[in-house]
Amino acid sequence: MIRRAVAFLDERTGTAPILKKALRYVFPDHWSFLLGEVALYAFIVLVATGVYLAFFFVPSTETVVYHGTYAPLQGVEMSKAYESVVNISLQVKAGLLLRQTHHWAANVFIAAIVIHMLRIFFTGAYRKPRELTYYIGLTMLILALLEGYLGYSLADDLLSGMGLAIGYSVALSLPFVGANVAMLIWNGEFPGAPDFWPRMYMAHILLLPVAIGVLIGIHLLLVASRHHTQFRGPRRTERKVVGTPTFPGQTPKSLGLMFGTTSLLFLLGGLVQINPIWLWGPYETYLSTNGAQPDWYLGWLIGGLRLMPPWEPSAFGYTFVPNPFWGGAAFPLLVFGTLALWPSIERRVTGDRGFHNLLDRPRDAPWRTAFGSALVTWVFLIFVAGSADRVDVFFGLSYVNQIYAYWVVIWILPVVVFALVYRACRQLQTKELLESDHRRAEIEARAARTAT
Amino acid sequence: MRALLRVAVAIAAFALPAAAASQPPTGIVRPADEGSLSLEQLGAQLYAGNCASCHGSQGEGVTATAPQRGAGGIQGLGPPLVGVGAEAADFYLRTGYMPLSNPHEQPRRSRVLFSERELQALIGYVASFGGGPPVPEPHPEQGNVARGLELFTSHCAGCHQVVTEGGFVTGAVAPPLEDATAVQIAQAVRIGPFIMPSFSERVIPADDLDSIIAYVQASKSPHDAGGWGIGHLGPVPEGMVTWLLAAVLLVGLCVVIGTRLKA
Amino acid sequence: MRQSLKSWLVAAGVLLLGRRRDEKDENARVVAPGPRNPGRELAAVLLFAAAGLCATAFPVIYALDRLPRPTQLLGLSLGLAFAFLAAALIVLAKGVVPEEELEEEYLLPRVHDQEEVAEILEQSTDRITRRRLLGLAAGAAGAAVGVALVTPAVSLGPVFDMSQYYDTPWERGRRLVDEKGKPLLADDIETDVFYTAFAEGADKDAVGSSLIVIRLEPAQLELPAGREGWAPEGILAYSKICTHAGCAVNLYRTPLFDPVEPGPALVCPCHYSTFNPATGGTVEFGPAGRPLPQLPLLIASGGELQAGGNFSAAPGPAWWGVRLRKPT
């Protein structure tokens, strides 16, 4: 039976040699090598649930009066887009499950990318010959942020409308071109022409997902063609990769992870409420609510926007840098720019241009580890600053004082972290060196004893 | 990671005393022979012992130009109470906003230290300073929740958050409304405690006020069709669930799947 | 008939209960022999059954109307189905499927192939005499075609027309109306409260339309020079759209007891930019780089509030030309 199927396939496609290779392709073992897979599976869930949602969503800002089943919105004026999301949530059977699963999958997708990327960074997996894989991964992270933001914005509820206003302001703030760029995107001043919503929709369900899908394909092809990196270990060298074959060993593991991820996303989608837009109400430009926040993956930007002093350099009537640019554009550009340049910076500083199939442990590269920790600390502090208002409401810690404290802390703490992590790495290295010396000495002593 | 932990500890250490500071003031001054006093006498004595240092012996108020020393050695400062009526006295005393240990602090909801009889005595005494509205009698059952949402969004959500979870205003906190009773909402809307605007009958007529109260009451048990409501604050708790629950579980799953069984 | 039924049953029984015997010599195998673990195999079978059961519940729950909490039940059934699937596969992965450790070579750079590719590319063009000119011509043509293909994108919006950013519906005499279109009367404006107003007849959502209107004691006002008479009876109107990031300024901080409480302020809830209404909307705290634009007011003979002109500056978030011109 199996033989006949294989024969059928090979005689018509000639794929037996490729199949043989694919089935016995070697996956090095380490749990952290599975993190990227989690992101992939979340993406699959996103596409599947997103297709369902697209059947029901109406990308239009035309005004309607709500007469659905939800009493607290009865007779309220709203856009068709918002109405359709309320209906998906409260009237379409299983609609809310799919919508919430979609939203949780988006949150988890980006979280998984970030964790995966931390692993890549701190083990030096981006080094030659895998720079392209790294750049593509970074690009996907940026696209995923944009994709998530558009999805969040499409619902046209009070929170997302405020988020869109901020996005508009950040676009507008680009020095010398912002107002023109915003005109192109919105086809008019905020809230934009009626064609803005279909544009967002098209980008959300076609342009960006296709771009991410294609990049995932290239990303995986590159991983496979260069083989996966591995940690140092018995028989594992720069020349030889050791691990489990795709089939039978890796397949049930990967499928198990895929189903596990899917399971978690559906359980969250069914049990934990996310973005209950029917509670927020519809958006108008002249309405706002306290405590409006973007999804977590843009939280670092709201932190940047809130921390920025009222600095807006201008002369001769020209405003060179409108304020939202600092926190909303310059800050992420700096972070992503640093990440993009890091492989070449490291190459230049260390002069290391060799092939690296063996991974570093974080302690093996103290400078990199210290720098990465400092960068993460910096971004994380600004991220936390974005929820200082909630801290004030819950703990009574003055928001204004918190902001002033952050002005100092975000510059000092990364330096402290850098120094501490660097020292910790060095100490671990020394300890290991001492231990291995000790062991060698013992072995030699024993050998000497047996010889006499 | 260790450094982050240290920050968390530092923040916690910083936050706890602050939270403790917002606890209600300890103790009030009571006449010894409370039971034998008439309501009027009791009100007068309680007022003299607990309120007069800031609001003046006749409810004339204490402004910065005429400082007085209060019982606790704190400089007394407070607005006049003539003409505020039972409405305001009832609100401030039954929410535990008053008495306030430090006049420079924002009054916050805290445990009410007066007994019901003491409250009645004190409210009656403050009302007797003259004028002022009585305790309001709202009818939220006649309100319309949908209209209430619209009104709440345009007048209140900016500070109190659209699902009444509270919020921040530069220099103050707009409290969450989960403990606010219908009467207290009606009072707060009219009085405008601390830095809150005060909305008169002309701005928010009685029927609109009923709708707003109906909405606030409804928002205490929102329609959580999606499951666990995680505080109705949107992305902040959602991000916490993403990282502290989902990401932890998924990394754990990776560890379980990715670690070889030792033969 | 009976015979065939019997053989079917036997076949089914063998399929269900029978275990496979190794047919080949152990040494000639490609895949290493797996561990024998009937217990785990059974566990996996049971887990698959549980997954199937949970998944079957989904259409049942879907079909049943009037169940309490349908989203939670649907999520549970699907989530648990996938959880059991995952568990079954993990059981299979650990102890049923053979655990092998294979070795493979990392690919080394194939210098010879690289050389050949380079030669192909070089030799294909080395007889061309005017390489640079050809390259230049092809590049120019490509660029031109590229520009041509991108040109329709300019139709997306009026990319060079910045006038919209200065346009507001306000002009001298335009009435202020509330959300329902009712004109605002000066006598109706009280202190310690805020009003949202719009330009009569204009789109309420337009950035230049919405206002936040308050009344302060005239003695409190310290408006900048040139704004004399902009606040009749102390009534002030500011653009409701924050000059920082375009959210609605929907917070009015107004002290009940001035000596100990912070003074009047208009606050945006997005990034807490805080504007002082008494001094012409200047920034007191937060990231906003410009004051809130003020609209001069008039009280018409009927007591109606009207605009006395246009905003003090272009409303809305900042862009490169926001300070270049006054709004029109």
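As written, the chain order gives the labels A, B and C, with residue 1 at the start of each chain.
By definition in this document, a contact is a pair of C-beta atoms (placed from the backbone, for glycine too) under 8 Å apart; a residue touches a chain by one contact, two chains touch by 3 or more.
Quick caveat, the model's predicted, so the values are computed rather than measured.
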**Request:** Sort the chain contact graph into one of these: line, ring, star, complete or other.
**Result:** complete
**More contacts between chains, B-C or A-B** = A-B
**Request:** Find the most central chain, measuring centrality by the gap between its CA centroid and the centroid of all protein CA atoms shown.
**Result:** C
**Chain located farthest away, centre of chain B as origin (C-alpha)** = A
**Complete:** Cα centre of chain A to Cα centre of chain C, whole Å, reads 14
**Message:** I'd like to verify one number: the distance from the centre of chain A to the centre of chain B, where each centre is the average of its C-alpha atoms, in whole angstrom.
**Reply:** 39
**Asked** Where the centres are mean C-alpha positions, what is the separation of chain B from chain C, in Å?
**Response** 33
**Item:** Where chain B touches two or more other chains at once, by residue number
**Value:** 154, 157-159, 167-171, 225-227, 253, 256-257, 260
**Request:** Could you tell me which residues belong to chain C and also touch two or more other chains?
**Result:** 71-72, 75, 86, 90, 93, 99, 196, 248, 250-251, 269, 272, 285-286
**Fill in**
So chain A residues touching two or more other chains come to 96, 100, 253, 256-257, 260, 264, 268, 270-271, 287-292, 389, 399-400
**Item:** For the chain C and chain B complex, residues of the former touching the latter
**Value:** 69, 71-72, 75, 86, 90, 93-95, 99, 179, 188, 190, 192-196, 248, 250-257, 259-262, 265, 267, 269, 272, 274, 284-286
**Prompt:** Mind pulling up the chain B residues that touch chain A in the complex?
**Reply:** 2-4, 7, 14-15, 18-19, 21-22, 108, 145-146, 149-150, 153-154, 157-163, 165-171, 173-174, 176, 215, 218-219, 222-230, 232-236, 238-239, 241-243, 245-247, 249-251, 253-260
**Message:** Applying the document's contact rule, which stretches of chain A touch chain B when the two form their complex?
**Reply:** 29-35, 38, 70-76, 89-90, 96, 100, 104, 107-108, 111-112, 115, 158-159, 253, 256-257, 260-261, 264, 268, 270-276, 278-281, 287-296, 299, 373, 377, 380-381, 387, 389-393, 395-397, 399-400, 413, 416-417, 420-421
**Request:** Please give the residue numbers of chain C that touch chain A in the complex, ascending.
**Result:** 31, 34, 62, 70-76, 78-83, 85-90, 92-93, 97-108, 153-154, 156-162, 164-165, 167, 196, 198, 204-207, 210, 240-241, 244-251, 268-273, 283, 285-290, 316-324
**Request:** Give every residue of chain A touching chain C within the complex, in rising order.
**Result:** 24-26, 93-94, 96-97, 100-101, 162, 165-166, 168-170, 172-173, 175-180, 182-191, 193, 199, 225-227, 235, 238-245, 248-249, 252-253, 255-260, 262-271, 284-292, 302, 305-312, 314, 317-320, 322-324, 327-328, 355, 357, 389, 399-400
